[in-house]
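Given below, in the form of structure tokens, are the structures.
Both complexes below contain subunit A, partnered by subunit B and then by subunit C.
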Partner chain A sequence: MAQKEVLAMKILVVDDEVEVVNFLCVFLNRLGISAEKAICGKEALEAFRNNRPEWVFLDIKMPDMDGLEVLKKMKEIDPNIKAMMITGRNDESAQNEAQALGASDYLMKPIDLDNLRKKIEQYILTKG
Partner chain B sequence: MENMPTDYKKELEKAAKQMILIHRVDTLVKIILRTIVRTLKLEHASLILYDEIQDAYVANASRGKPGLKIPKGFSKISKDNPIIRYFTNRRLQTSGEDYLLFDQIEHSTDPLYEEIKNQFLLYNAKACIPGFFRNKLIFALFLGEKLNREDFASEELGFMSVLSSDTVMAVQNAWLFQDLNEQLQKNTRLFLQTALALSSAIEAKDPYTQGHTERVANYSLVVANELKAIGGIPKNEKNLLENLRISSLLHDIGKIGIPERILNKNGLLNQEELEEMKKHPLIGANILSMIDEFHAPILGIKYHHEHHDGSGYPEGLKGEKIPLIAQIIAVADTFDAMTTSRPYRHGLSKEEAARLIESEKNKQFNPIIADAFLNAYKKGKIQG
Partner chain C sequence: MKITFWALSGLINGITSTALGLLVYYKNRKNPTNITYSLFCLSVSIWSYSYFFWQVSSDAKSALFWCRALMAGAIFIPALYFHHICALLNIRSQKKKLLILAYIFCGVSFLFNFTPLFVKSVSKKLWFEYWPDAGIVYSPFLIIWSLLSCYYIYTIIKFLNNSIGEKKNQLRYILVGTVLGWFGGITNFPLWFNIPFPPIGNILLSVYIAIVAYAIIRYRLMDIKIAVTRAGIFLIVYTFVLGIPFVILGRTGSGLLATTLAVIFATMGPLIYRFLQRKAESVLLTQQRHYQKILLQAALGMVTEHNLNKLSRLIVYILRKTINLNFSAIFISDKKNQLYKLEAIQNRDNSDKQDININEEHPFIFYLKKNREPFFFEEMPVYIKSSFDLPLKPRIIIPAFAGSDLLAFILLGEKSNTQHYTEEDINVFKILSRQAALAIQNCIFFEESKDAQQRMFSAEKLASIGGMADGVAHQIKNRLNQFSMASGELKLEIEDFIAKHDKLINNDQELNKTFSYLKKIAVSLIENVKKTDGIIKGILDFAKVEKKENFFTVFSLNEIAGLSYNLLMIKHEISALPITIKIDDKDIVYGIKSQLTEVVYNMLDNAYEAIQEKKMIVGKKEPETFIPSIELRLTHTQDRQVIKISDNGIGIKEEDKHKIFAPFFTTKSSYKSGSGIGVYVVKRIVEENHKGKIWFVSAYMKGTDFFIELPKNQ
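Then we have the complex of A and B:
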């Protein structure tokens, strides 16, 4: 596993559940990736503008601004932004909408961490 | 072992004993993880439990430092994950141990172990202990590093394995209990639906009672709730509402045994017919007497024509001798009979019927029950 040797990659993790962002950030750090967290749409956009992560993990269901809206606004700032949506079960319509908005992928809860690791590794490989 | 006091064993044994008493899997797992993390002084521990709907192992509970603790239900491990394959495929097990340690495989170059190492890193774990029920893997317990960075002692690991099999039994027990509860709820529904079906059988035979049983059931429950609100239901009346619902739906079931010429007669009944008609409470009680669960509802069916002053039938019971359930149905039944039109007479208005109930206090009806009914009526709760 590409642990601690990965090129400097920045991921922004957005979820209104603090436990989830904490877990995902620590998880990504273990894979050698630097991760920034945001717990609402507003915070996410701010972090996005300031730090320009190359990948965003975005929860769809959030109280202030849902993930789809956040994605739309991020796409306005950077049309090439790569976004991975985090969805609950039976969220098919939101998934389709996210895809239409240009989300590159999605993770369905409960998340298979091994699968997520493989996605990240693959991304790093294609990035060269 | 000198820094590992042996009372951690006692604490874990105590937890194991308590576990079997807990019938909610979530609570159970939480308790066991809390105990493990505290006694072994770990950074974190997570239990990944088999989930039938996902057909995968789901992080059911986790305990430990923020960032290491897995949010409930957040992650899963598929059945073909190398660590699951390692535990479920006995051929893969070479060590003969019933747990896996990161340190054991850290320097292995075997491709399977390489893959398993990755899983340890993903879960930031130092040890993984399987939980088997017979040949089925129920869960995988991931243990994080110790706070003091020391290795696990073999005694601790052995103890964890034992604890793991205790946890399996407790989880199985809780699952069984949950299934049983679901089954019980299903049975209760079936039971009520059967009572409804039976009550519609009476209505099929006696068209003038159509809607009657359902209304009596509704009124009866309203009266019971009114009584409950004023503390008028004695403590020994267990499940009164449930029994009342069944009993009121079936209170006229005995009419199945009454000849149709009497049931559907276009006019007042003569003495002989009346005597025949008065048999329906006993016929109903007899029909249902074979069903043990119907013991309490039968009392309502048998005695709903008894009067408070002893002038009713079939036994001429008086006052408190009449079961509460029957006293409630009596008021509800009388009110509905009075307000329903028959081919040979018009029904009374609700106001007139309410006045008659009032005037029958201490005669036909227990005054407390009659008042409960009248109070509900005044609040507009007696809706047919």
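Then we have the complex of A and C:
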């Protein structure tokens, strides 16, 4: 549907599960958003430095580096970076911490694509 | 004044009767048995002291005076003794007329005693200087006097034959004493009638009085067979031991030999006596010793038993069997309810155990605590005996103590051969009671520690499972995330494709059907992911129970029951459930609505599974006999609300009861769902989030009642 009006918008998707990253990217592309993948914290920071995306979808629980830590480093590089955290349901404290660090919102696992689309429409597409 | 053996016998009798008369009187001043015995002793004393003064009289006049004084005492002896026997046998009212007659006879005789018609004079007989001569009325007096004595001996024998146990033993003593005294007493009379027979038996009066005193003061009498045997052996042994040296002395005239022999025999005497005594008693008490030995062995074995009820049954069984009792029973302390409960009973007709309880405050219990040792029922004070309102008539009571704690007591009935209990029996019971107390304590400790172990085990299990559930749930969640996105992606792809090629698809019916089917599958996948996620959420939420006071509201039970009802119909693919809802007062429940919905849902789900399972067992054979029913009931008290969920399903097996609230415990057959988390979650919701209580009553194949008690909004 919206994939034709490609936005000058880049989103970095970070999750340690390759399939999840792939699905998310396909989904974003479908919405006409260009997406870049990273499957660990280190890779994410590298991609972030190189390509400077406006948004980052960031999994909190990752093996090498905590998503919160990644966000902290990104904020140091670019305080305007907007983040959507991906989280399990039960770590309320992590959610609060993410909010304190300046994350815009969070996605609950298991990610419901309908729900995600609504969020993307709310935050990204409306902004134009 | 010359003190002869005869004078001395009088003095000894006098002192004995005075002393024992006073002793018995002061033992129990209110008991007619004791009073009459003391009066009897008084008359014996008057006789005996006068006897002494008569024997030491130096002239005929004073001898005659003391003879009459002596008779003044003697006249009353049979009447007072008869009175005493009547009191002892508790037949005073029956023998009232006879007693009055006896006293009239004594009174008349007493009056005659002031005249020469009774004691005429004194004269020299055998080696006695002043022996009395009988007056005219003396012979008829003596005849009636003797008849009266015969009558009470007869009365004692009659009662002896009809009595049992300790009473029988007591009467045996009384009889032996009475007969001894009687024979001793009458040796005084031949000389009155100039028959040359000396009063050699007079000293036996002391023995007589002593035996009777012993029999009425002490309840625990030595077995008379033993007493007589001991006395007999003692007499024989010492006659020989002391007699032989005298004979040797008389025959040989050798003082040295006699003295040597006397020393040797005197040393050996006690040894021989004890040896013979032991031999004789082992023969006499074979049967008793036998069961005492068995009891002691059994007592030692008791400690190996760890189940209190089994132990109780074992104790009463052994006691009844080995002693051959008509019944034996054991009461065990129930501290929680502050009473002693009949735990086990054995009786001849094997009748069922009744529920008999004795309150801790009962005077009988106080007496037990004060007394501490085994005792005879009859030994208790009258007010306790009369307050003892059990349908059992015990003869012996054996308390079992641990420190100052009365753990239990045992009641023993009659020995079936009507034998009495002996002091030795009591000693065996003492040991038995100590062993029983140990064994009971052991059982209590064992059961308590078993409980504690079980509690520890389940707490540990909970903790480890809680931790594990968290990890497992997280893993599942990650997989689920992929499912979620894959199915979401699938749906989007299909939708996109349909949107792009709508003409193509709409024109081709088959293609249209296929695509709408594919989309349906994708939607179903997404739905399933959501449901699964709900379950995981449940596990994780209850693995980390959070406080949610903020969500407490008031709502309707009917409403959440309806919700659960619909869910259950969907879950089990059925169109109706046999549920009735009863609201006793107001349809108001205070709590966390979502959680209590889960509670009601889970409980109804379990109830349904229970009736289904019973249907599978019962229903196959006779489907019409089982009408399944589930009841949900709400009652209110002042500050509590109770939700009761009852079913008449399969019930819970005894061995499963303690596991019901454990996580991941399930009895549900695996083809149906049954994570084993339901009741566990319910318990945590009720106890941790609502500060309520949950419990159940269940019988296998009969059904289960779950009770959920929640505090009201204060």
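Going forward, the second predicted complex is superposed on the first by the 121 of 128 C-alpha atoms of A that agree within 3 Å, B and C clash if a C-alpha of one lies under 4 Å from a C-alpha of the other, contacts with A are read in each partner's own complex, and residues count from 1 in each chain.
By definition in this document, a contact is a pair of C-beta atoms (placed from the backbone, for glycine too) under 8 Å apart; a residue touches a chain by one contact, two chains touch by 3 or more.
Values in this document were obtained by computation on a predicted structure and should not be read as measured data.
Enquirer: Overlaying on subunit A: subunit B and subunit C, fit or clash?
Expert: The answer is clash.
Enquirer: In the superposed arrangement, which partner chain does A:M62 touch: subunit B (first), subunit C (second), both, or neither?
Expert: Touch partners of A:M62: none, neither subunit B nor subunit C.
Enquirer: Output check: A:F23 vs subunit B and subunit C. Expected answer is one of first, second, both, neither. What do you get?
Expert: both
Enquirer: With both complexes overlaid on chain A, does A:L113 touch subunit B (first), subunit C (second), both or neither?
Expert: A:L113 sits against subunit B and subunit C alike.
Enquirer: Under the stated touch criterion, which partner chain does A:I11 make contact with: subunit B (first), subunit C (second), both, or neither?
Expert: After superposition on chain A, A:I11 lies in contact with neither partner.
Enquirer: Among 60-68, 150-158, 168-176 or 528-536, indicate the stretch of subunit C whose C-alpha atoms run into subunit B.
Expert: 528-536
Enquirer: Which residues would you name on subunit A as touching subunit B in one complex and subunit C in the other?
Expert: Dual-contact residues (subunit A): 1, 17, 19-20, 23, 26-27, 30, 109-114.
Enquirer: Using the touch definition from the top, list the residues of subunit A that touch subunit C in their complex.
Expert: 1, 17, 19-20, 23-24, 26-27, 30, 88-90, 109-114
Enquirer: Across the complex, what residues on subunit A touch subunit B?
Expert: 1, 3, 17, 19-20, 22-23, 25-27, 30, 109-115, 117
Enquirer: Which bits of subunit C are touching subunit A when the two form their complex?
Expert: 470, 474, 477-478, 480-486, 488-489, 491-492, 496, 499, 526, 529-530, 533, 537, 540, 544
Enquirer: Using the touch rule from the top, collect the residues of subunit B that touch subunit A in their complex.
Expert: Touch residues, subunit B against subunit A: 54, 56, 58-59, 66-71, 73-78, 81, 117-119, 121-124.
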